[in-house]
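Shared between the two complexes below is chain A, which pairs with chain B and chain C, respectively.
Take a look at the complex of A and B:
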């Protein structure tokens, strides 16, 4: 058990490090440094500046952002005349990647290129809304897919299934737009507020009902698009389990059909659903990107999308790193849940 | 999916689905033949459907919605069809390799492996002297050197022994690596960083989209691998490429055939999502996602939301209908 635990942990760390490093190199080596510098130079330099002043300002901006040192341990060497000249030059530890990673390990995620605020605070502020959005959706998805799956398995309604599949085929943003069109537009039913979080700083503590009313449509769109997969999967697993002999034995023992299903078949049918659980949180985080843009919620997804559009790499990398870590933790949790739920797996060689 | 999933019943809904898809393809191909208003009609912006000259109305810029729908169909197919084909090909190749050879059965002679490694290291770490004749031919020089080295090494018996290449582990590692980020997030992040164009988007989607096909094919080939007819083919001494092309591939073809329409549907919805977010495709390219984005800004113009939604829904359901059985609760639920 302990060996499996540590190998899993090592794998988690390795994958997270690999992805973050890859994204770091991929986003920094693209030729867009000039736009970045232009933006910074324009804010601090008077309009009628000479070319030389602009250059000085750009050099200062590069130094402030730490872009004046090499990117990675190796840089491309200059073209030389010597036969078999090395293509790469070793630059030592004074490089952007080393500096960024060592700061990250000390818990310092740097500052946003756009606003100059510390990235950690930006992420914390945005996560406040996103965590309530995703946790509410996750709880609703888990709570609703269970009875829905049982109902589908027992009754097998064609119409309900067709509706579920139609919801599943539509992209998330279309469902969100349809909800906006029908439930929050002045022409139809204006039941819910359409955009944002209302007037300044509505928080859960000060006005819970008001705060929740702003979350109804975003949560509804996440739940509606996400519910088909777990419900249909559970229904399929239940249909397989119901036909097995142990259910027949339970019925022969005198249990009613509903009770045999609930107390015997359901446990076995729930096992494959653990796999879906691992995808749930990361997928909801990705979905929050779309939903927060549509409903103008100041959350994590919107922060990431805006950071990507503005090439604000410190924010982008920290956000992506967070998603990767959440994903790895949920994978790891699922493994533990499997071992808890199914004793047969514990003795199997890894 | 076993062979029961193969035969879809061809009743009226199957024909309807096929008809809609053909209509979509025709709209995408023949969009230039209709004489539709091209520029913005500034006199009639936000016009409702059935306005003279604009059958499906216009958006807030006065652009014709029907034109956006037709050219949007073209964009959707232009992105999704090449991506599906490329991703299926890549996924099939990797899945077959991982499933057939596993971790131990692809054995490569040491002299071959060693010379490739030396040539690669040479190419990556050293440059030819600039301004010399060699500069343009450097890749060919290193490749030729590697070939010579391999011939030379093969004379020694200890270099002629073989080592196993862990294909299965390599493919699985790539899958785990790609699965570490949700696909939508990954595509959005990379697509914002590169210059938007159809080619880069197709390449990016291909590189992230081969995973499901590879998984399915790998599982299927691992099943086929130990069937008697394949053992017979191996025992006959057929070369690997002949076994793969004539015995393995035809038997996992049905997996690809069911996976292609489904991934086409997913890619079309991904393309509209990206266009809706304004990511990955040049802004002047019309798309259903852009119509929907215009509808978000003007929520009272229902026609901007309803028509693209209907088109998306019909397309996705038709593609699904082509592979799924007509009674969803009996057959789809039984699929593992």
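Take a look at the complex of A and C:
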């Protein structure tokens, strides 16, 4: 059991490292050295600098950001001067990747290109709001999908099922905008705030009701678009289990239909839901980007989107790295929960 | 399932409670929408329009612009500088206002200006932009008899350097370098030999470390300014609140001009990325001012029932939409081909489609409002595929029976038009051009690209044609980066290079007499039309929506499109 645990942990770490390395190399192949020129091009102040001054400034900026050294241990050599020379050149440890990885292993994720702030601080600040949003949504999804699934399995309401499927087909941004237009608009019901978290230092600790009221529509958007899959999946699994003989035996022993379902069928039907529920957190994290943009919430999704648009690579890499790790942990968690829930899997050879 | 109604009830109660408490702190505050966070508020690193707007409220520079008459006016100084020329150097002598003080009451002195210039060039700081932009200031001479008087020695003879010499925020030496460790460092040495400067003055390294450690980008409260406002709070990606200083130095002036008067008590910038959400907030009264809504939203709102609660403003801006030809591409090398292709833009229809008419035409890069310099004898470009076909033939192109145009030496006429992916305005222009070109048999391929990629394509010349937005400048005309040979590889994306044009651009940059300057500009516009490296489609109008709660709204043709200092609340008006 312990061997299996460590082997899977090792795999998880290796995959995460592979993905982040690939992302590092991919992001650095994108053009980013024109940033300073772009800034001159968009400046409304008359440009007083000469072409030479601009090039010097550009070189200084690249040096400051550490972009003037080779990207990786192996760099493509310029073969135009010596056609017979090898195409690839070993650059040693003085390369961008080595420098970045060494710092990362020491817990230093670097500084944002845009603001100069430590990336760790930026991520922490943005996660504060996103975690409240996603955990609240995840808890509601888990809490609501269970009774909803049971109800659907027992009652078999087709209208409810059709409504859920219709909700599932709607993209998240449409649901979010519809909620906004129905529940935060002066033309309909202006029940909830339209954006943000208020101008005061509103936090869950200082003003929980006020804080929660700002989260109602964002959370509702995530719950409404995410509830169909777990509820319908559970209902389907329950309907299969109900027809099995062990449920019939339970009924024959005198249990009511509801009791037989709750005590016997539900545990077996929940197995596939484990995968869905462990996938929930990464999916909600992805969904939070849309919700944060529409409801003007400061959060992790928005930070990543803005970092990607502005080519703020340190923030982007750290953010995506975090998502990769969470995703890998959730997959690993799903496996562990499976082993716990189903004794048959534990005896299977690895 | 029985829990569900209770849950819904609880949520509705939450909403109702918020509704009651939401507007309690907005009585003396003007709330303005921003689409994104300013990101950094270090005056020397500032780049976004939002940051620039706030920096001009927290700090003062030597000069500013009179937003209504579009003139350069003195801000921290008493008057425009006295200019004298010695060989190739220009000396600009400034006198700081006697009233100008920092928040602690200490006067703003010439040594603060010298300190600011040294900080710009201090090694170890991310100030490359400022270093390049203000690198023409070679040295500063402080007047030993008057601590408020100083002279900037500049390497350029262009009249445009007057504005550039005074448009950076002045930093307080007393706060950032109380011991005056940078005073001994000559600016000329800092500019020319950084390594030697650090070797001779190790204090530079310690100063840079202190400056970086202060993280002024995110903690502007650690940097006192001499502007009319101070930062009250800033929650990244949420809001920023500025509060008017009770004892701002300009209040002591007997008759302060409008740019030295600050009316709003508090300004709360609300960061709302989504346009629909921002409009909803405005209609609900959670916002007071919405600058630059999309032209579609602006027109729709103006036609809606909300006009009783909202007010709508427009102002002619200096932003223009430009189409450029890569003049180094063999098929686009002749001006006649470029002129022929310019006739394929249906500009009036494009103005209507992209801006619902909230745009105006110009024959060149010069704004029609500059009556002295605008070449009004040039006719507007007409949309005429028939004439374009005729001119292509005159340019040596032949329509082949199998379709497509061919020029014996050059090959086929097949164009790729690059633009920013996701910019619907650019896409509309590209589609219209593609359709018009198809009518006369010219093949056009659309090439939308992500912003960074497009920038790279433009700088390396990997385009045939491009569409981009350009901001004109009402205070100066400097075509050196845009159309001079030396701008190729930098901002001269059309890669236009012609000795006559270079000479004319240099003459425009150096000409001090306004009349001769205007005449040169008119000649340049004629040359531009003849050579057509760029086609100006239209200038746009700034748009602004406010609630009726806000009064004294002054719209501007320059960014941010309104004069924030003049805004007043209806209840606060005397």
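For the reader, a short list of remarks on this structure follows.
In this text, the second predicted complex is superposed on the first by the 331 of 350 C-alpha atoms of A that agree within 3 Å, B and C clash if a C-alpha of one lies under 4 Å from a C-alpha of the other, contacts with A are read in each partner's own complex, and residues count from 1 in each chain.
In the analysis below, a contact is a pair of C-beta atoms (placed from the backbone, for glycine too) under 8 Å apart; a residue touches a chain by one contact, two chains touch by 3 or more.
These numbers were taken from a predicted model, which means no experiment stands behind them.
On the shared subunit chain A, the superposed partners chain B and chain C overlap sterically.
When the two structures are aligned on the shared chain, A:210 is found in touch with chain C, with no touch to chain B.
Using the contact criterion defined above for the overlaid structures, shared-chain residue A:96 touches neither chain B nor chain C, since it reaches no partner.
Applying the stated contact rule after C-alpha superposition, one finds that A:61 touches chain C and leaves chain B untouched. By the touch criterion stated above, A:115 is placed in contact with chain C alone, chain B being left untouched. Applying the stated contact rule after C-alpha superposition, one finds that A:177 touches each of chain B and chain C. Judged by the touch definition given at the top, the superposed model places A:294 against both chain B and chain C. When both complexes are overlaid on chain A, the residue A:311 reaches chain B and chain C alike.
When the two structures are aligned on the shared chain, A:165 is found in touch with chain B, with no touch to chain C.
Once the two complexes are laid over each other on the shared chain, residue contacts for A:152 go to chain B alone; chain C is not touched. After superposition on chain A, the chain C segment that clashes with chain B is 419-427; the remaining candidates among 257-265, 419-427 or 473-481 show no clashing C-alpha atoms. Chain A residues 30, 32, 177, 180-181, 184-186, 194, 293-294, 309, 311 lie at the interface with chain B in one structure and with chain C in the other. Contact residues of chain A toward chain C in the complex are 30-32, 34-51, 53-54, 56-58, 60-61, 64, 114-117, 125-126, 144, 147-148, 151, 177, 180-181, 183-186, 190-201, 209-210, 212-214, 216, 220, 293-296, 298-299, 302-303, 306, 309, 311. By the touch criterion given at the top, residues 15-16, 18-19, 23, 26-27, 30, 32, 77, 79-88, 152, 156-158, 161-162, 165-166, 169-174, 177-178, 180-181, 184-187, 194, 232, 235-236, 239-240, 282-283, 285-287, 289-290, 293-294, 304-305, 308-309, 311, 316, 320, 323-324, 327-328 of chain A touch chain B in their complex.
Of all the residues in chain B, the ones that touch chain A in their complex are 124-131, 176-177, 180-185, 188-190, 192-194, 265, 269-270, 272-273, 276-277, 279, 292, 295-296, 299-300, 302, 305, 308-309, 312-313, 316-317, 320, 327-330, 332-335.
On the chain C side of its complex with chain A, the touching residues are 1, 4, 11-12, 14-19, 21-22, 25-26, 36, 39-40, 42, 45, 47, 126, 128-129, 131-136, 156, 158, 160-161, 163-164, 167, 212, 215, 217-218, 233, 235-239, 241, 268, 270-274, 276-278, 280-281, 283-284, 286, 318, 451-453, 455-456, 459, 471, 473, 475-478, 480-481, 486-487, 489-491, 558-559.
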